[in-house]
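Handing you this structure, nothing more for now.
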């Protein structure tokens, strides 16, 4: 008796199914704060970056309060190389002399942050770029390498004042934070962006902290890339930290700290999968690794 | 290089596509008020009613302010028949003596409205059932038939006070309105639910008024059910009214009034198509008929 | 020296005296919430119902936040009798099969509640009719009779969510609650209205719960109607419960529960005395029985 | 069948009747601002003053926003006489030299205003005494007598800034204003209290301005005190002004100005009638004279 | 290379230095409440009074919430003398019969308070004069002299209700409080203004209480006026009280009470030094005596 | 009779005089918005930059809402030179190829803006760095040189959305804006900072726009630097524009536009004079040039 021809029943049904599958997730995350660390693919690859911006816009439009954090290692390395200087790392941390630090903040704040803000704006998000110095958001202190090596202008987060972020979220803006922060004397320091994301997630009572990475997730056996662990307890992750690679260790360490500080869940997602964010948050698909408190 | 197996790329891509297709619609309707007249199938068929409740919940969760209006013709006819009385209609309007009126409001307010509220509540909507007498929402006046026939307790909307509806929407509730309204002396009158929907949509500055019906849409040639008109200007609809069937005429008339009063768009949807509401509002599919001002 | 003739001094003096006698009571109750269970006479007798509506309007206008609760036993019995079914009671509770339950809610919500709302509206009160399902106000669970008898769709209040009531009071509306409430699966159950009044009074922190009844008050010796007790402590009432009649027991039981939950005073008033509410609240006259915590 | 003995039916009925008669008046005046000029009897006679304070408290408790204005002619005359100075009047205005002005404001602000505030406080009103200089409420300018006589420190209202009064009313306080006001250079001037009442009533959009006087009302024929006019149009009053006595003229003039500025009604009441305010506002009794725009 | 001639470098530099010296003090006091007891010179000498008003305006404009308290001993004595009555003191307290009390409040409330309000208004402060009876601000109780002497209408502060003061401060007004307060039965009592200042400072959580006096500060050895103590601990002051003069004792006693109640600092300043207030609060100069908790 | 030695009367008097001289200016500017374009000396010379930050903090602390705008020509030129590229200017505008644009925004946003924010933060201002892309603040469009020369990534302001700036000001933050802005397609463009300052001042209804420059003011005869004009009408300035130097022309042009758009006054101050801002705003000294509408 159905006499309409303008709907391809199968296709419409699939669409409707997806929309309704998203319902309980939308209900749960509405009004909550989610911190997303954007790294790797989403910063390097224009097409993926475009999709991530769209996904973030969708999350935003259904009422999720987003805080974005980014670093920009490869771009910084390229800019430093252009000056004829060689990047040097100790324990995964870039040794940062004064000249390099100037490059770091110019690239992170002047280029990457501004590009991300523009991309998000064009997707309909009212994004506002921030560095750690804005509104006294972050205060850092210098650190040395694992064996006491001098690292120059490298620091770790000492304190987070979430007033500005909270005020912007309350006014409907989406803060986009670059991973530089001033020491107590005002000197800018280079901070690991994963650590910034963890500290900010803890400070704003985020329900979820997502690391959008270049890997498929966390691996049980780190030599074998086909053993992504779908779910992990925080204590299991804590135990794994010593065996992790340099790139993965700050992520894991910050995840543990954020979970200890009350964040409900940490996700390590593969930024190379299109719409990984959307699928992770709004569908029943299991993507990457989730770490529970 | 993609080494994950837990996502069926095709399926995930389709899901992601649907979610992103919904994006601009979500953006446009967020914070706006949509009035939905629920009739026919959505009240008669438990499974469809369930789906409609879920769809409304989804619309609500993405920030659309919903106002629902319902009648309940067939159920009233059954209840009157149970009393051994025969239903009589003049020009599509039920002739309503005092005993019938008591049945009308008991069925509409006591059964149908309460069932709809319960269904919506279970889907996560904070629904509140209203009759026209609540908070002075509606005031009606008696009418006679097209040829001056005595219709008894039948009326039309004389005035709408949207304070209660606006206050409930502002507090996060979804009003569900039964189509009975008091005359100035307090006597309850039986009102055409399509007309109530139109009057309320005009009063609350709705961006959209949706009639969820038992037909596929409006037909250009009303003898031929395979010629659903996808889009119509209000003036074309005005011209069509005389040729419409008794059941379609109040809908068309109220649609014209609502559009004249500033409602942006009126939709006649087929409530028998699963998730018709969701597909109409959140996808590019064309469903039923839309009437533009 | 007084040279005006337009005031009958005696009459004016008496009027002024009454207005000033009301002063300290108005001061004390201003802004407080009073729950009134309306029963018996006030629902059966149009003239008394009119006066009660006026009294409630007066209470409302001097700043008392009112919540009204009603049942409708006799009207339900009549409607069930019209269907040729015999009402059956166990321990004062109506045995309620599915057909009866449909009658119960149609009569309570569709007729009595709507009539009360209309009457109050005409007296100037911005009344809004509610059933237990509206805004998730009440959740009920099924009960059995005192000897384990199957009672069908009869329940007791399991939880009260006062958000909707508080929101309506805050917006200047007067909620009027019918004594039906959904079980956790959405099935509507028939609840004793006295119990609803007690549970709501406790939930909204009422300063006073008034039972407007068909009797002169509580009697010390329940065979002798001329021994109304003007005042009682909650523990005295608790001790009396076993000896009470079926009709009085739920009232007494709910009164005890409300007082235990923090309500300051419970009143049992004779609804057949004109303006009993007004005289009790605004004058020094002692009317009916008051129970203190 | 009524078996209670604790209510004298006749008395209770009369009380209830008075309370219900007050209902529509309470409804109309709730939330509105009424300015009362308190003069004569209400300031001179402790018992009447007590009753006026109670009446004002009652008006306040049912939601009327009150602004009180007072002068204090006789008390000022006594205080001046105590200094051995003779009071001199020109056209009803006290000729006020610098020494007299000091007496005027000490008596009005230091004694009469403070006593009135204390009396109102004890009746339950949160009264706050004000002079024209407080919060820049009033600004005055010097005037001369009708024939150009030098009057010394006598002025008329030049401007009213209602911010402080509005702010106090909004915070639940009742302003009590003494009729002194600074000139633009800060010099305090003696102002006719009737004129202050009229100017303030116009500035705060009062619905009613009441003059509580020592006379029964306005008389058609001013030699004959038994011809009080119950009602007058503003234009009739305007025409009467030239023929009025010195004491009545400023009242009439201010009444005309207030009505022209949008005040809905001006009343001239006999302050010697107990509870005149209450009876006028809350009952159907006609008391004194009302002037309509 | 500087080619402008319109700035006298030295002078401009000094100005700029003063403005920047004020900076950290402005930062610290912004939004805080400071209570200033205005006495002696600032009330007696028109030129000093003018300067004090300007200083208070400046404090107010940079965001300090001011509450002013004043007495008026000399003026009261003069007014009483004019009546041919001799002022009598016991332990620094004026013996106050009923006639004197009338003079006290007329002079304090009617003259001194109103003059101070006018002066402040002209300096740009939105001042509002208050007596203890306004808004129930102060409640007092009678006291007797140190040896049980009858003092008549003399009292001490029993309770402070800071609602009105807080409400006025919140609306941008500056309360100016005269030191009279009603007993529980409404009788006005004469209160030591230093004690009022201390009690109000404690009630409004003032950060600072300043006594603007006729002396250079507190002296270590009270016979020798050249030994002003720049700073004192509250316990040192407590120990000094018995040895203090009658005029200084209430000040010291109230200072101790205010500090015990949480006020951060009490200052005794010389009101005869021009701009003493400004210099004390906004510069590094040490003026008078400060007492620390 | 003055017996204190701790105040050098002369010095204290001068301080007090300066503070009171500032009073009427503080009163007038309180709560108003002032836009300051920071250029030249204040960005190049660390000591002057420190003083400017202190001055801005002082302005901020007395209630002035500040919006800061900066460019950074010399620093950009140095950074470009480091890349071995030569800066080229057409009509005072830097010809900006894509590589140069990247340098421009890195230096302006990543270095200069962040340094200014840090400096202000350390002076007690809650500064937040912004680029034109943040919150959609600025939208620009490409321009060509006066003779149609291709300028590359150089633009002018097309639209200002002051929501973010207003929201930050309302929350107590001080926006610091770098002069880069996205074209409609998101491409960042290099904008003259003087023009940004003018457009923002117009959009936020600033009462004053201050250009802090490297010159003493505007000169009547631009060859002779000793003829600074203290005051100019907007029409006089309009007439002067053609004769101005390349560096001064955009300033003059923007000043005219800002005045036409409702800004009350534009100032050209010499940033090399210490505390020029403070002296200009808070003292009677005339500094630099003011342009009136």
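Read from first to last, the chains carry the letters A, B, C, D, E and F; within each, the first residue is number 1.
Just so we're on the same page, contacts are C-beta pairs under 8 Å (C-beta built on N, C-alpha and C of every residue); 3 or more make two chains touch, one makes a residue touch a chain.
Fair warning: this is a prediction, and the values are worked out from it, not measured in the lab.
Enquirer: Which chains lie in contact with each of subunit B and subunit F?
Expert: A
Enquirer: Overlay subunit A and subunit E by their C-alpha atoms and let me know the rotation angle in degrees, rounded to the nearest 5.
Expert: About 120 degrees of rotation relates the two copies.
Enquirer: Equivalent interface to A-B, which of B-C, C-D or D-E, with over half of contact pairs matching by residue number?
Expert: Repeat interface, by the over-half criterion: C-D.
Enquirer: Express in whole angstrom the distance between the two chain centres, defined as the mean CA positions of subunit B and subunit D.
Expert: The separation of the two C-alpha centroids amounts to 57 Å.
Enquirer: Counting in whole Å, what is the centre-to-centre distance of subunit E and subunit F, each centre being its mean C-alpha position?
Expert: The computed centroid separation for subunit E versus subunit F comes out at 44 Å.
Enquirer: Once you find the CA centre of subunit B and the CA centre of subunit E, what distance in Å lies between them?
Expert: 69
Enquirer: Touching at least two other chains at once: which residues of subunit C meet that condition?
Expert: none
Enquirer: Pick one for the touching-chains graph, please: line, ring, star, complete, other.
Expert: Topology of touching chains reads as a ring, each chain with two neighbours.
Enquirer: From subunit A, heading first to subunit F, what order do the chains fall in as you go round?
Expert: A, F, E, D, C, B
Enquirer: Residue numbers of subunit F touching subunit A in their complex, please.
Expert: Residues 102, 105-111, 113-114, 117-119, 121-122, 126-131, 133-136, 164, 167-168, 171, 173, 180, 182, 186, 188.
Enquirer: Please give the residue numbers of subunit E that touch subunit F in the complex, ascending.
Expert: Against subunit F, the touching part of subunit E is residues 2-4, 6-7, 12-16, 18-23, 26-27, 30, 54-55, 57-58, 61-63, 124, 216-217, 225-226, 228, 230, 270, 272-275, 278-279, 282-283, 285-287.
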